[in-house]
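These notes open a run of structures that come right after.
One chain, chain A, links the two complexes that follow: it is found with chain B in the first and with chain C in the second.
Entry: the complex of A and B
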């Protein structure tokens, strides 16, 4: 399936862009995270996931669907 | 949905006009304003020259809407406005403007502090601190 990954904050520097579309072969958000952490140096950065603009719980593993937009959100720094 | 994000710094004119717009709302007896200004922090001998703000706008707007609804439930307010800059804001410029109005002063003090904290804690906004030598680091809220 194809998903859009959006990166914010420090993750923009590490991933080298703000957004990318990727063909992924995983069933859920936990598997995606594991795969991403294996392939990229992001384990030291705390972040939360949002799928299609909705935040998901840290512990929760959500089923992913073709066309999903997945945002990786480090701690916020507004103000 | 109320517009919160402004491209570039929040000008004194904009703030002044926002105040003036409330002169017709004569049930208001107290306004309170919080202004966040970009500070020239020094890290390892390098000085911050500007902060470049970005946000996850879809989620940020949902969160700001929730915060707004909660504020009206929690405090006896007549109106409230939140504005936050996006893009590059130089040191000394205003990047965050919270404006709360109520009948009496007690409510506006409490509501302003609550709102500022909620926006910082719950809204996906990011700040890239750009140093004078053009290197950068990502802002962390304390």
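Entry: the complex of A and C
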């Protein structure tokens, strides 16, 4: 299935862009996260996941569907 | 009242709204980039009472974005310098300054004196303190923060709505302006958005940014809004507050070879992580399956936990304490550092 990944904050620098569409071979949000953490150096950055603009509880794995927009949202500190 | 006439004629404000502004009491924590942007607008609008908390003094590197200060301000307290500017701007606003940092000792008492708390700080640890103190005193708090050109804005604890902990249950520190860099106009825009939310709360607007995280990218001029809801599992009580902030935190232990005689070490990294450290006194119990393996341990025995960065070791230590283990500590060294220390001490099992 195809999903759009949106990156914010520090994740933009690590992932190299703000947004990308990817063909993924996972069923749920936990599997996606695990795969992303394996393939990218992002484990040191805290972030939350939003699927189609709604934050999810990362303790529960959410089923992903074709066309989903998944945002990775880290907290910011500057002020 | 001709001073406020242009806003009074707005149907959303009127004489009643202006009266609400006069009676409002707003506490702004931080007189940095965000604070300097939002403070003059709050004062200009006719807010009656304002508190400013900041223990920092003005530095030259602040001046490109903290526009209430000038060269003459360098070395002086930010809160006092802001007060000079704001008193001159609108003498009708009563301003109290606190030239100190917000701490667990002063937060609750300070918050009690105000209706709305504005978070214009630059550290995540302080944000949790603001959140928890705002919950305990029943005050809404207006959040703003920035990473380079991107800003986040939200309103927490508004009408029993979600809090910062519902959005980010537990976060480690991330880069601040000093580390990541920031443009004055970017932080200014986010501060202005916070000021707008403060006015909306005072005026009783139906559209307060509660349960929503707004992210505005000042470079691409694009914005996103994300919905989040209250996490009922998160309970912030006075007991929690005391444990979190006022109890003495046990610092991680520093490794010494003699500890291998007193303690059994537990490596909570996953089994595919390197380097592996082989020693008769080291157990390998990955955090992913940690709770299930606790039955291999003895609650009366002493354990030292380690991982790669210390984060998982701290989590494992908490789990052990929750399961009534008597003597457990986290090690501050990473597995790689430990490997060297143990090898140097020639105690590595051959």
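In this section, the second predicted complex is superposed on the first by the 75 of 79 C-alpha atoms of A that agree within 3 Å, B and C clash if a C-alpha of one lies under 4 Å from a C-alpha of the other, contacts with A are read in each partner's own complex, and residues count from 1 in each chain.
Going forward, contacts are C-beta pairs under 8 Å (C-beta built on N, C-alpha and C of every residue); 3 or more make two chains touch, one makes a residue touch a chain.
Please read these numbers as outputs of a predicted model, since none were measured by experiment.
Asker: Who touches more of chain A, chain B or chain C?
Answerer: Here the partner covering more residues of chain A is C.
Asker: Using the superposition on chain A described above, determine whether A:33 touches chain B (first), chain C (second), both, or neither.
Answerer: neither
Asker: Counting only touches as set out at the top, which of chain B and chain C does A:8 meet: first, second, both, neither?
Answerer: A:8 contacts both chain B and chain C.
Asker: Applying the touch criterion given at the start, work out whether A:46 contacts chain B, chain C, both or neither, answering first, second, both or neither.
Answerer: The answer is second: A:46 touches chain C but not chain B.
Asker: I'd like to know which partner A:55 touches here: chain B for first, chain C for second, both or neither.
Answerer: both
Asker: A:73 contacts which: chain B (first), chain C (second), both, neither?
Answerer: Both partners, chain B and chain C.
Asker: Show me the chain A residues, by the header's touch rule, that chain B contacts in one structure and chain C contacts in the other.
Answerer: 6, 8-10, 50, 53-55, 71, 73-79
Asker: Any idea which chain B residues touch chain A in the complex?
Answerer: 36, 53-56, 58-59, 62, 84, 95-96, 116, 119-127, 138-141
Asker: Within the complex, which stretch of chain C touches chain A?
Answerer: Those in contact with chain A are residues 30, 32-35, 119-124, 127, 144-148, 150-152, 167-168, 170-177, 180, 182, 187, 213, 215, 220, 224-229, 231, 309.
Asker: Which residues of chain A touch chain B in their complex?
Answerer: 6, 8-10, 13, 50, 53-55, 71, 73-79
Asker: Within their complex, state which residues of chain A touch chain C.
Answerer: Within the complex, chain A contacts chain C at residues 6, 8-10, 18, 44-46, 48, 50, 53-55, 57, 71, 73-79.
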